[in-house]
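What follows is chain A paired twice: with chain B in the first complex and chain C in the second.
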Partner chain A sequence: MNRSEEDELKYTEDMICNNFSNYSAWHNRSLLLSNLLKRKVEGFVSKEKVLPDEYEFVHQAIFTDPDDQSGWFYHLWLLDQTVRVDSPQLVSSWPTPGSDLILLGDRCLDGCASSPFTRFYLDSRTFPLVLYFNQSVEGVNSSTITVDSELNTNKDLVWKPLSSCNSKAAQVWVTQLNLPDGNTHSSKVFPVEVSLGHSQGIISSSGFHYSNPFCFAFRVSLQLVETQPVEGLGKEIISWRDESFHNYNAHSQDSSPISSLYQLSIKNDNELTDFEWRAATIAKEIDHFRELLSLINCKIGKLTLARLLMAHDAMTCPPANKFSHSEEVLELYNDLMRLDPMHVQYYKDQHSLVLLQQVTSSWESLLSRCFHYSNSPSNRGSPMCLQLKNLSLSRLGSFDKLLWVQMLDLSHNELRSIEGLEALQLLSCLNLSNNILGSFTALEPIRQLKSLRALNISYNEIGAHSIDTTKYLCSSPLSHSVGSEWNHGQTVIDDDIKSYWEAYFILKGLNLTQFDIVGNAIVNEKFKSFLIKVLPGLKWLDGEQLH
Partner chain B sequence: MTGNESESELPVPPYPPIEPTAFDLIVIGTGLPESVISAAASASGKSVLHLDPNPFYGSHFSSLSIADLTHFLNSHSTPSSVCPDPLYSDVEISNYAPRLLSQHPRNFNLDVSGPRVLFCADHAVDLMLKSGASHYLEFKSIDATFMLDADAKLCSVPDSRAAIFKDKSLGLMEKNQLMRFFKLVQGHLSLDESKENNLRISEEDLDSPFADFLTKMKLPSKIKSIVLYAIGMADYDQEVSEYVLKTRDGINQLALYNSSIGRFQNALGALIYPIYGQGELPQGFCRRAAVKGCLYVLRMPVISLLTDQNSGSYKGVRLASGQDIFSHKLVLDPSFTVPGSLASSHQQLQESFQAFSLSDNKGKVARGICITRSSLKPDLSNFLVIFPPRSLFPEQVTSIRVLQLGGNLAVCPLGMFVLYFSALCDEVNQGKKLLHAALSALEKLLVTGTAGNSSTAQSEDMEEAKPTLLWSALYIQDLSLGQFGSIISTPTPDGNLNYNDLLDATEKLYWKLYPNEELFPETTSPENSEDDAGLTLES
Partner chain C sequence: MGELAADKHVKYIISVEKKKDSFESVVMEHLRLNGAYWGLTTLDILGKLDAVDEEDVISWILKCQDESGGFAGNIGHDPHVLYTLSAVQVLALFDKLDILDADKVSNYVAGLQNGDGSFSGDIWGEVDTRFSYIAICCLSILQRLDKINVDKAVEYIVSCKNLDGGFGCTPGGESHSGQIFCCVGALAIAGALHHVDKDLLGWWLCERQVKSGGLNGRPEKLPDVCYSWWVLSSLIMIDRVHWINKDKLVKFILDCQDMENGGISDRPDDAVDVFHTYFGVAGLSLLEYPGLKPIDPAYALPVDVVNRIFFSKK
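Take a look at the complex of A and B:
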């Protein structure tokens, strides 16, 4: 019984040599190696020394019999070991480093001089600061993150994790910065400096500390022009029709609101050599699997190649040739959807994610999907809308590149869920019409979008499915998990809550002025009157003005 | 059944008389085909007298001591009054370590018809299980197969999924190609008349040469020759010779290989070998025959045939003891010739009997045996080695198969190894050339093979000059198929590794002999039913 892990590792090798279709042996091997690597046992100190032999070993199984799954699972584990960076990294932020942010007061508009991407409509006296990590982390608070600015002089910032369940860990963290009270004169510029990693405390779910001290700065200025009370959001109905949108001609002064902090933050020499090994390994794997696929038509081989190519693109530096493989990967997923209809939903999801990565890979490609919103074509100082409609998206991703988005059109896709959308803290107008959202619970991320004013979920499938499989994710009056949330307000609309508790749970904290829900099975007169009660600020429901 | 008695002189009179004097069947010679026939006939209730002029069981299929083998080969290679047309020729026996070998006079069991192995799923195994002969035998696995590659190195033969996985010499793509080929064959064999016809190999391909089919499957040349010679066991050069293996036969051979792997739990690969040598097989069948009432008399030559004076047909035999024994049928060892029939016998019978001897010569097989003190592979003792055509010299048209066995099979003392090798040939000189080339190739491999651990050997016995090769025997054996007339002649040992063809021929002879009898009908006797599910395999 008292076998050392090295002995056990050898035993798995023997068992695999007897019959390499031994899934348990491969799986146990991955556990043993994980442990040995974690404990840095002699001979297992660096992945660079250990993993190449493991690749060699599993290749024998995969190439001998690609139809056997055991080896592929182990390969997937190896790939994960190769790609995974243990310590958490900051991937992106809003505001972006070095940006000049212009906050526009409530009733103002004079954007001619500035780029619409750094202009932000303000309707309270706060604006969010968002940090986006590469993995779920805990311990983001005022002691681990230092924010240096005139904007919040004497009080500690409260950082909030953006996650769907009430967990203490999240990939995205947000805090609110307050604008100074009173009529500060408009040309005042506030520099803000954010630094993290100088003290320990930010920790990943697997127990690794954020270890790259990193610092960035941006500047905020305030414009309060009290004239021209035109089309600030919420004053007029938003129309999502095509004629409301106009091509945007990029101005030379437009600075990209996307920049990858991840690239900036890897400066550590140690990590760099490690990084080279990882990239070389992935490149070698790509060659192997291209060769295999030249001989045989193999579904899991194609899937692996697609994963390898994406891993390669995510790693290669300099970023000049980034996403050079995305077309090939999209083609692979298209192929897989044809070859393997059993798992079409998974491939569709992956296809969506890759497509979004491709769209967000460069500022140019993003700009081509950006449109001015305005009801009257002459007006140029209008909000900017990112249009991601008609892309057959079934899943959303690449949020780290989209933190700046205020108006988003995701209509005419195949979305069942909008998981991750909570990261877009600036979002004020969201169009999800003509998707296949099946219930209100699928909309949970919007609970966290405090700036949301206009929401369109028309022509979905809400109420069409009697069984909501995502129900367990959110609290209900029948479960005691989040009981406290239900205490207040319950008496006011007690009856309707019972019938529409999901809708109530999602919508109650929102300050929507416009809501479109026509074309869903749930809609009837009773529901509409319930909505009006739940959303007291509502001005337009399905295009009709309310009183 | 004490067969291997060293005394090899003709029996000493007086012979005890045999009772009764009439039998359904007389069988002369205790080689494997004769033993199978006598066991089968006995099992189906015939009265059988089984005679052998030798003092041991097995005839040309026996396993003998060095002295007995030497005597046996010599006495069957010199034309004499007893044997005008001997089975063996060009016997060359060399003893490099007479003193060492004389210390182990009883420890060798050398196969006369080597190299021989059994495939776990082959005909011989089925017959042993069916007849119950398997009760008297124990087997061990042959650990591996190697093939001489283009660089004159031994490369392992990946013959199964696990072997392909473990193989270090094949590239990843080669592994993939070979495994896909195996799967194609498995697919072809498994769904006989299934719906998915695309997995079947077409009739056209089945009739084409196997080598062409392998080329069509895009197998690289190295894998091709592994499949042809080390798994398909093709005898002749498939690129040039007229003896081309058809795809159908190649696939059948792969099927035998494939079904052999994993048939018995203890068997590592496809091949097994009987402990104490191949001579145990005929003995096992003889024991079965004896259990069923067959009467055995060894050291008993037959001096003439008795014929019916009117019809001239076979009536019986006259033994060296002078006793006349009568039977309806007679089965003869192929090398057996009756020295001049009784003076008064019919000339007619004499002629028809002549036609039985080696007239249907279908070629020769060159055989060699070596006793060595080191293994070809330092860490393995029992394995097969293939020298494919043209691997030793350009004119080599037949494949040479080598079987190395170690002391753990009880064929030689521990620490020594016996190497058998054989190749088909058309005539004696070609055969000798093959044998000498094989022998020198083996000697080279022994030298390079032991180079790695020479230091340990040196320190252990401090006898560096000790030769690795201790003893060798090279000989050429004539081949003949069985013959059926009023007397049945059984086939000689063939050039194959296993007994499949030989036993097929034997079965046919048996059906001609007793057209209405099944060969070893299923019995319900309690002694068989307990454990005839498997072989005794030592791991």
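Take a look at the complex of A and C:
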């Protein structure tokens, strides 16, 4: 017997009206509605018409008994349906549109007049082109993305998804462009034009195509000056102590490259359609939940209000007004930590994400955290270090705003995960000391950072835990995602690899010159000799020079 | 906080194994092989696997094998993947996987994959994501995953993903912690956890923790010690376990012990059984309770047993 879907929908309505504490009924309702909306069945063609009634319906459940969870997940689903933009969009890139980059080769120079935000140090013959989408996509390749420049032939470009395991989909994709020839006149400028959306192929996991033709350009020039070796990366030991860093004094001519990051809210036309009803719906929900909270101080009220305010801010243009509710949201999460201490770490993680959004929301705020790295104050030729230390961060985010970062200090936080950090393809120096990273597998994102030379993970908790919570989120022989080298016996499994397989998988293939690991339970003489075997290019281990 | 009465639990498990005429043994007769897995894995976690007669157990297990290659719950019963996995797991505990004809067992399991990637439990055809987990886990332990279409198996599991981030027994089935464990575990072993929305599912899972500190199976249900395994291991596999209060959960599990006669029950003051004893002890292992061997959240076997399977010199 085939009931019509509308009949089934009515049935769920009856069940819920009888007793709203019926999770099965809410689940079935969400499934039916989602199918009807997807197939655009008559009467369910537009979300704009359907969702308002559903919000009212679930309010009855939540506002009657805020502690009953039955309606919570349905409301979250409605919110997702209200804000979600189905088609993939480009959110950010490096190099940024309109930027003028100076790429410095191995022997970098001193006294450079240009802004440190336009100078990038590389010790390889290529530089990355990074595309950051709003969701995980497949099908990024030289047919769907055209890169027009003298530096490369487009069809030879290989695009890699930055994902763990063998997933063919990722939110962030990267390809390598050749550095200009070192013999070229050093002031020659090479324009690069990137276009996407001109042919179909980039597709999200839910089957929506990237369909917004977009083109951007940037310019690259190379400087290779043969002066005496100065603090090139990997030439001298990096010290993370405060004395090595000097406040960056902003000059007016610096404003262009970073502020272009904030003009990179690419005009996505889809975002503008339906904007009216989406914004109005969120605004109405905010009012409803403020009213609820004025009557009952409840957890679901505060949590939902925090989510609604963030959704509202994310939808707001222009960028100058973005995240105007951050302070209120941070306060809400602080309240929730007190109101619902059982889930304090969940609220802490959300708090960290909002804090990072706030910090990266304006270029003034970012700049206040940028420091020159230099062992001698007169040297202005060194990279810029973004300092995000001592912020009680338990989780990372806002990577789309941080693609330009080469040197990053995340020390003295409460990080147990660095999920998403693989997007920062320019990273060469990374400080994660004094956090709570619990295993090598938690460092999986680092495997994708091919430019990383100096890594500090001292004073974490590696080796201190019997249970590994990131074991299955990384590529390893236990999760059947490792390439043939392991499975076909090409890796000789000696006792060291057996004891330290996590460290082996994460570190092999990295080109580190400096590694700090003191203060982790796993460290002893045996482990240190294993490290030296796995990292043949290592020059300094825990501050000591190796031979 | 109370303490884990480890010795009492060891005595309880051994007594269950021996008293074949007890009520518990009789009602469990058809799934005795599952009971063996629960009891023996618990003993291993407590460091007391040597308290049983290994040869006795193994010879009985082999008598449960059917000519199809699959294992039944007891001698003379019908084969099913449920018992096949338990047999393979118990043999792994004793490091005796090599006495099996791995191809024969694997062919039985692989033969139960359907065209849409799903798995049936036995020749009678019932489909459930539990069987997807069982098949993938079993074949992985036997290192014969290439006998099935892993991509299709993953596709089917993903089709059972719900709008709340959880998973059901079949497409459209309501999210339930037990099914979630099976789907997340299967995806973990298959290297396909990128299909899980970790934040969305993580929040659904962490909200299983109720005031008493225990975990329930879905919204507005009572807490039960067995969810200390299913919810906890799922949270661990997606790296969101810090979203629950571990100390309160430890206390809940310890409160479910029978401190006099040994064993753990579903909630405080109820009758104990081997099933809940295993899930309580395994949960405590995942919570890094001192003195317990660490257990792998995907394979549900001690970590040293799993490492032995995958990292032995070939």
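Methods note: the second predicted complex is superposed on the first by the 504 of 547 C-alpha atoms of A that agree within 3 Å, B and C clash if a C-alpha of one lies under 4 Å from a C-alpha of the other, contacts with A are read in each partner's own complex, and residues count from 1 in each chain.
In this section, contacts are C-beta pairs under 8 Å (C-beta built on N, C-alpha and C of every residue); 3 or more make two chains touch, one makes a residue touch a chain.
Remember, predicted model here, so these are calculated numbers, not experimental data.
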Taking the superposition as given, does A:Val140 touch the first partner, chain B, the second, chain C, both, or neither?
neither
Just checking: does A:His27 make contact with chain B only, chain C only, both, or neither of them? Give me first, second, both or neither.
second
Quick one: is A:Asp65 in contact with chain B, with chain C, with both, or with neither? Answer first, second, both or neither.
first
Have a look at where A:Met384 lands relative to chain B and chain C in the superposition and call it first, second, both or neither.
neither
Just to be sure I read the superposition right, which of the two partners does A:Ser417 touch: chain B = first, chain C = second, or both, or neither?
second
Going by the contact rule set out at the top, does A:Leu292 touch chain B (first), chain C (second), both, or neither?
first
So, does A:His343 touch the first partner chain B, the second partner chain C, both, or neither?
second
Where does A:Ser167 make contact in the superposed view: on chain B (first), on chain C (second), on both, or on neither?
second
See if chain A has more residues touched by chain B or by chain C, and give me that chain.
C
With the two structures laid over each other on chain A, which partner does A:Asn19 touch: chain B (first), chain C (second), both, or neither?
first
Intersection of chain A interface sets (partners chain B, chain C)
none
Write out the stretch or stretches of chain B touching chain A in their complex.
161-162, 164-166, 172-173, 175-177, 179-180, 183
Seen from chain A, its contact residues with chain B in the complex are 17-20, 59-61, 63-66, 288, 291-292, 295-296
Residues on chain A engaged by chain C in the complex (per definition of touch):
21, 23-24, 27-28, 30-31, 34, 68-70, 72-73, 76-77, 136, 163-167, 169, 205, 341-346, 349, 416-417, 419, 442, 465-467, 469-473, 475, 477-481, 489, 493, 497-498, 501
Contact footprint of chain A on chain C as seen in their complex:
140, 145, 150, 162-164, 172, 174-175, 188-195, 200, 202-204, 206-207, 209, 211, 213, 218-220, 236-239, 241-245, 248, 285-288, 294, 296-298, 303, 306-307, 310-314
